[in-house]
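Shared between the two complexes below is subunit A, which pairs with subunit B and subunit C, respectively.
On to the complex of A and B.
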């Protein structure tokens, strides 16, 4: 069953809908999570970092099993955690701390296996690579870094290495808001969005910038087309821009270079995007609390889910 | 083992005797409908059938008993079928089966404990295995007794490998009957401790004392009690007896126990359990690090006999240690990550010392598993060692002779390096464990002057293929060219003497031909991977490779031909890069009304199948210099780039103009690439006037065009007439947009241009021809725009000719 899950920064729990029928499933209670703070761990259970009041010194992460609305497990990491990510098998969870540290927990035992200082300022987003061997992190200071988990775990080589990261991309000038990684282990691309109104496309094999796309407004969420012809950028002006990657872009240029179109519902800012590869649908969460399901081919909305006042949706199947 | 046909007959016979008519007919009916299901079932029945026949024909003392349990056995046969096939429909059957199987356990255990013929034990083991598999609950009450019975048999080490393996399997499955975490962990702990204790005895004198404690320390944390020994019998008594009596090392026992571990790791278990991974890895390391060399201090304590004995057992032990490692990798999956570095070090260290073909093949397969399961990160780590070893193996002495003359292939090339010319005969490549025992050889450093068996070469090629697939793109600069040339050389050599074909090699044994075919296939497969794996330059040996694939394709009807055909298909995109229009976004094609937009015919991808492989050195240089000057400040960088581009005389223009014209700069830059120079010059020779443009441009450019760009030019030209006013509006449009954008609008323009020029440059390197066309299209459009602007904008009228003039200047630079 393909389900859509959505949480928001205002406590509205986690909404869960069947993507095919549109029926609402169980609503998981008490969850107020920051962007990128909701993750399904190996499709076995849900984990969500919780927003805390600024004075709090420790973090708060809640875990739900699929069958029960109440959170079953709570953990309190040493500092507030915002972004969470899990590898595809659900063996590990990584979390980014507000001090710039990244934490890596083993799911089976719940132990904190590693913690390393990744950025000078808060970590804002985290993703695992397709083969789960790399972690990519974005930070408040505009830095995007690629980490090899092998190096993180290899004490011998770590001492020899001058730095822990594989690559450090510093071209963004403001806070990184979202990162996605494309297909193909070593030769994949990474797309990052930032508050400096740009999305940048990086090559993992060469470790350099491939393309810089300037958008009319700040992009908070990006999703990649499975064929990587284009990517979708959800902007604060409520539009979802379609930017060309491996596609012909004859710049109609009402928006800018490489932007070949947009999906728009005249809604509030888009806060999150996800792509359902099985059904070829784009999901967008907006500040107005709605989750929209787009058929990108016809550019129509085929479904809408009401979550709360503000939402932060993630689409996937289980 | 019985042949499949016999199995079927016997199984049919058994079930027909066991059922009443109704069930019988039902059963038969289902077999007819589901032949495959029956097949599976009949295979499961085999061990029972064998067991039964053994029971029936074994020693007279047992005869009476055996007949008494005949009925139960038959019940189990039938019930096990139901158990798997349609348990849902007959819930009672399982219960009954469990009950009946429970009754059977005691006699079976008695059989195991009695002194009897080995065949009886083997049969009993088979029966026990079936019971555990199908009715795990039945054995629950007899858990300890079963463990004791099996363990004592294994530890005595007196039986054939087959019986021991079956017993090992039973032991491994035993915890399933309880199905909780504790019994699994306890069993694993006991087995590992037993192995460790056995090794303590065996390795006395050939390893340092400290090693022996390590595994025990990891298994039993300080402060905890040692679990009761395996089978509740003190190990010393059992193993000592065996060792002394047969004057041999307990290699068979150790192998059985390791086999048991492997099964426990890889077979399914009802709940999640924690494996003592560090202890297992330490055990593997302990086994692999013993190479038969004697520390000098130990020399006086060992007799030559003892030493010889250990050395003769080492290959088997090493092989089993590698098996355990494979099982660990399979069983742990992603959980291995924290220990990956340790495993890699273990593998690479052993790789350097291991010379036996069987072990090398196993090592290669472990390497492949690690690469595939762990991805890029692992590839970066493993690459240097894989490459060194593969180059060694593929370039080994006698390479050409061995590889290219089919007469030399075959078992003879499987000869092992025998450092001390022992009396034993050579083993074959695919020896069973018994045969392996006769292969006595110390593991010694790789000798470059030995011939490498073709099977090892196949393994090396397969591993290179995986390495290229997984890690061809990341940090591969240092080794890529070496591997590419090695692979083309190997492939060429393998195909030099014709294609492995069963028909034309009648004079050779069948096996060697098929190995030859495998070798050719592997070498071609690795070659394809080397062409397709992302790289920074075009595959240097593409033409030779294509020739090989074409030739191979002609061997119609063979596996090779099939592979070569698909290889050629895969390679086609290297030769004809594709940038197909998007199906989903028709809008991007309906916007051709905008003339200015055509300044960037960006129908080329900036990465991917072609863009990636075609990255020119010149562009790299430019990029690197740009990156070097970059101090993380985008704005500075953009400004800097603008300075770099000042060879285009546009400084004197006003702000608005330069903004409008930023798009021309990449074109100017682009056309300075030598391969387009010609085109551009030709074009530029055309008069600037608008009137001439329309007619002439198209004609002049056409001969240079591929179809694609002809179309484009035509579109542009046709669009031009219609869209003049639109074009005139466009500069303002862009301006507004950029004003809206971040503060430094010039800077932004510059960045865009920067990226565009990247893209263009990629293309330039990629396909000269197309690129020429593109740039010519660009220049066309430029002129079109220029002329349009000329018509339209009065304020800038005077400055425009200057721009158009500027282009030829730049080009002639």
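On to the complex of A and C.
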């Protein structure tokens, strides 16, 4: 069963719906998470970092099993954690702290395995690569960095290396809002979105910028088409722009270079996007609290879920 | 036939005259008199075609009427003058008929290359000029490999010629080839270096003829500068690519294949050092350093510098040795370099004759210093030598060693940047004493140089290197106290520099802004630096705008190109404590009508993001928005239903999107009821000042966006609103002139009105009390006017009240067009009734005085009845 999960920054719990039938499942209680703060760990359980008062010194992460609405486990990391990510098997969880540190926990034991200083400012998003060997992090200082877990765990090489990261991309001028990674392991592409109104496409193998796309508004969420022909960019003006990666785009169109078109439902700002590869559906969460399911071929909405006043994170599981 | 006839005749004639003819045996008969001479004699006549006479129509010819073929033939003429003329002719012909060269380029080059080792100097020179001006530029675009290889064999041949002149000329030819086809050096590198080495070894000639040596050395410098000594820049143009996953051929880069020449190059460096050493006594004996010797020495030093850089930084991956640096530095080379070259440092003029000489020595010393600084780690200099160089550096940075004339200053600005890249590393390695000396000198350089000069840019990039940690995250919080002082100075200098640059040097401003942005992004690691960065905002205010005695003076920000503006806006995000002063300065920029809408929206976006990140106080942020809405000047003042795309005529569209944006930002700021409570008073105060129509509308829109149904407005605000709304609505009707005519215009008019009326409708919908009060105020104003009409009799007053009545009527009509509002109004029959009453009574009065514009009241009456 494919389910859609959504949480929001205002306490509305975690909404959970069956994607096929549209039936609402269990609603998991007490969850107010920041963007990228909700994750399903190996499709076995849910984890979500919690928003804290600015004065709070420790973080707060809650864990739910699929069957119970109440949080089963709580943990309190050393500092407020915003983004969370888990590898595909669900054996590790990484979290990004507000001081720029990245934490790596082992799920089986709950131990903190590694912690390293990754950025000069707060970490805003984290992604695992397909083969779980790389972690890509984006930060408030506009920096996107690629970390190899092999190096992180290799104490000898770590001592010798002048820097821990594999690549550090500093071309963004403002806070990075979302990162996705393409397919193809070491030669994949990385797409990052930022508050500077641009999305940038990077080559992982060559470590350089491949493309810079300027949007009419700030992009908060991106999702990749499985064929990597295009990517979808959810913007603050409520539209989902379609930007060309490998597709042809005419040099003159209304939105700008490389932007092919847009999906629009006159909603409020789009806060998150996800792509269901099995069903070829695009899911978008918006600030008005709705989760919309798009058929990308016809560009129509085929389903809508009402979550809360505001929704901001979602994923697929089971 | 003739012979056989003759005897028979004799027989017949015997009888006539018996004359006996004696015949001698063995003798030939004399030929008969009537014999025909059958011999054919011929002689060949050679008539050479005359060139003047031939028909050359349609062929490309030179000025002298010669075709390319003829000219090429003449190039191998035994007379030097003819050869030269032929070359001139080719040049002439190619100039006139460029297609001719393209067609026959291989034939041309095959013939012409023979002349590279021509014995005659003039011919070679003519050939050089021909190559330089016509042939190489003409054949630049096509397959150069073949072309070059055709020439190169002959050049190499000439390089080994016995005559020194021909050899020198060959180097010039080679230089020319390299200019047009740089990869050719890497193909023949070893051979070329060998040739250079050979010619430089023959040093008996060059002390006499420095001009020729100079041009040879120039060529060497050019060749060596093709050696890879830095990482190749990988920044390609990214905009042009159409596909991300497109195939890219794996071409070998130009840098491959250089590692084999290391050995050759080392030998060459030794020869160059010897050359340099030969010049030293000459310098001492000569009264003055003349231009040619200076150029020679400079080229020698530059060549050594490039070679040294190649040894140290070049990519020697292909060399079989594991660590090339170990192998590269054999002792002879190192000792040669340090004794013969670095030992004579510093060079100084013996006689102090001219200022120009000082500058020349300064340049030479700078290059030697560069070589030293590259080599520093490998030769392990003694403290004494090291101090000598450091002292020179300090003096150079301070500008002491240079003459103070204008040209001296220019030389200084041109050559000091080459020393700067060493400073960050030096500073981190030398003793504290030297560290402060160097930093002091560097800071002075940075301060003193022209803001737009390349030296300033070089300084800025060094500052970036020293301020912003590169890569390694193993940082220590405690940074050098000495360095910190200077870092503080640099950061403080940046905003001032930005203001000084103004809008005249946008590229320099861009660099400064970029540095500021990087600083904001990465300065967190050092608490004192971030503190300094925070403080730049006070100086930056002037960059945006300043307010003096009520007048606003816009800073350079307004006139910079858009990408610089964007960079400076991005800098704002990283101030963790946004000062009110800066926010004020930015607000007045936002309110400037010349600001592009795009930049305005970017500012709002970034300021809001900064607020979200907790960098701006809540009150400041709110007042930023309110100020924008209340003070934004919409032009033209009269609203006419223009299309929103006409930016030239009106910025009404911009203001509408601005209102939209502010509304959505405010709705994101938290619980709307709380925000509403905070904003209510402020907005009502502003509204009561009767702002422009658009501003009032924007503020009403903010109110209704935050409000809910039923209204959260306090009693007091409702009363205030009920006093304000009638005037506002009348203004709307008054300012938007009604149109007669086609449907499009009418519907356009209704649309425009609706934009302004809609907030009021929402208010009416949410509070019945407001409707009641509003209708009361309307009614009473009408009654007042009808009462006072009887006492006043001035025409002006009458016209006013008449128009007021008309407006009221059309307003009511507009209100009644909306179905929902109509429903609400139906709840207040009494109030509406009293208004109708006053209108009716006014009408009666107008009828009684038989006022000229009777028509319109009647019309109104008709319409109202319909209502």
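Remarks
Note that the second predicted complex is superposed on the first by the 313 of 318 C-alpha atoms of A that agree within 3 Å, B and C clash if a C-alpha of one lies under 4 Å from a C-alpha of the other, contacts with A are read in each partner's own complex, and residues count from 1 in each chain.
The rule is simple: a contact is a pair of C-beta atoms (placed from the backbone, for glycine too) under 8 Å apart; a residue touches a chain by one contact, two chains touch by 3 or more.
In this text, all values refer to a predicted model and were calculated from it rather than measured experimentally.
Once chain A of one complex is fitted onto chain A of the other, the partner contacts of A:156 are limited to subunit B, with no touch recorded for subunit C. Looking at the superposition, the partner that touches the larger set of subunit A residues, subunit B or subunit C, turns out to be B. Within the superposed three-chain model, A:228 lies in touch with subunit B and with subunit C [touch as defined at top].
Once the two complexes are overlaid on the shared chain, A:296 sits against subunit B while remaining clear of subunit C. Contacts of A:68 after superposition on the shared chain: neither subunit B nor subunit C is touched. Using the contact criterion defined above for the overlaid structures, shared-chain residue A:212 touches subunit B and also reaches subunit C. Once chain A of one complex is fitted onto chain A of the other, the partner contacts of A:260 are limited to subunit B, with no touch recorded for subunit C.
Once the two complexes are overlaid on the shared chain, A:186 sits against subunit B while remaining clear of subunit C. Once the two complexes are overlaid on the shared chain, A:129 sits against subunit B while remaining clear of subunit C. Of the two partner chains, subunit B is the only one touched by A:109; subunit C is not.
With the contact threshold set out at the top, residues 170, 173, 189, 196-197, 201, 206, 208, 210-212, 228, 245-246, 248-249, 257 of subunit A are in contact with subunit B in one structure and with subunit C in the other.
Touching subunit C in their complex are the following residues of subunit A: 54, 100, 116-118, 120-121, 140-143, 162-165, 168, 170, 173-175, 189, 195-197, 201, 206, 208-212, 218, 228, 236, 245-246, 248-249, 257, 268-269, 287.
Remark: subunit A residues 87, 89, 91-92, 106, 108-109, 113, 129-134, 148-151, 153-157, 170-171, 173, 184-187, 189, 196-197, 201, 203-206, 208, 210-212, 214, 216, 228-230, 242, 244-258, 260-261, 296-297 touch subunit B in the complex.
Contact residues on subunit C toward subunit A in their complex (touch as defined above): 234-236, 238-239, 241-245, 471-473, 517-518, 521-525, 566-567, 570, 573-574, 602, 605-606, 609, 613-614, 664, 668. Only residues 272, 274, 333-335, 337-341, 344-345, 374-381, 470-474, 476, 534, 536, 579, 581-585, 587-589, 591-592, 594, 597-598, 600-603, 605-608, 612, 615, 623, 627, 630, 632-635, 730, 733-734, 737, 740-742, 748, 751-752, 754-756, 758-759 of subunit B touch subunit A when the two sit together in their complex.
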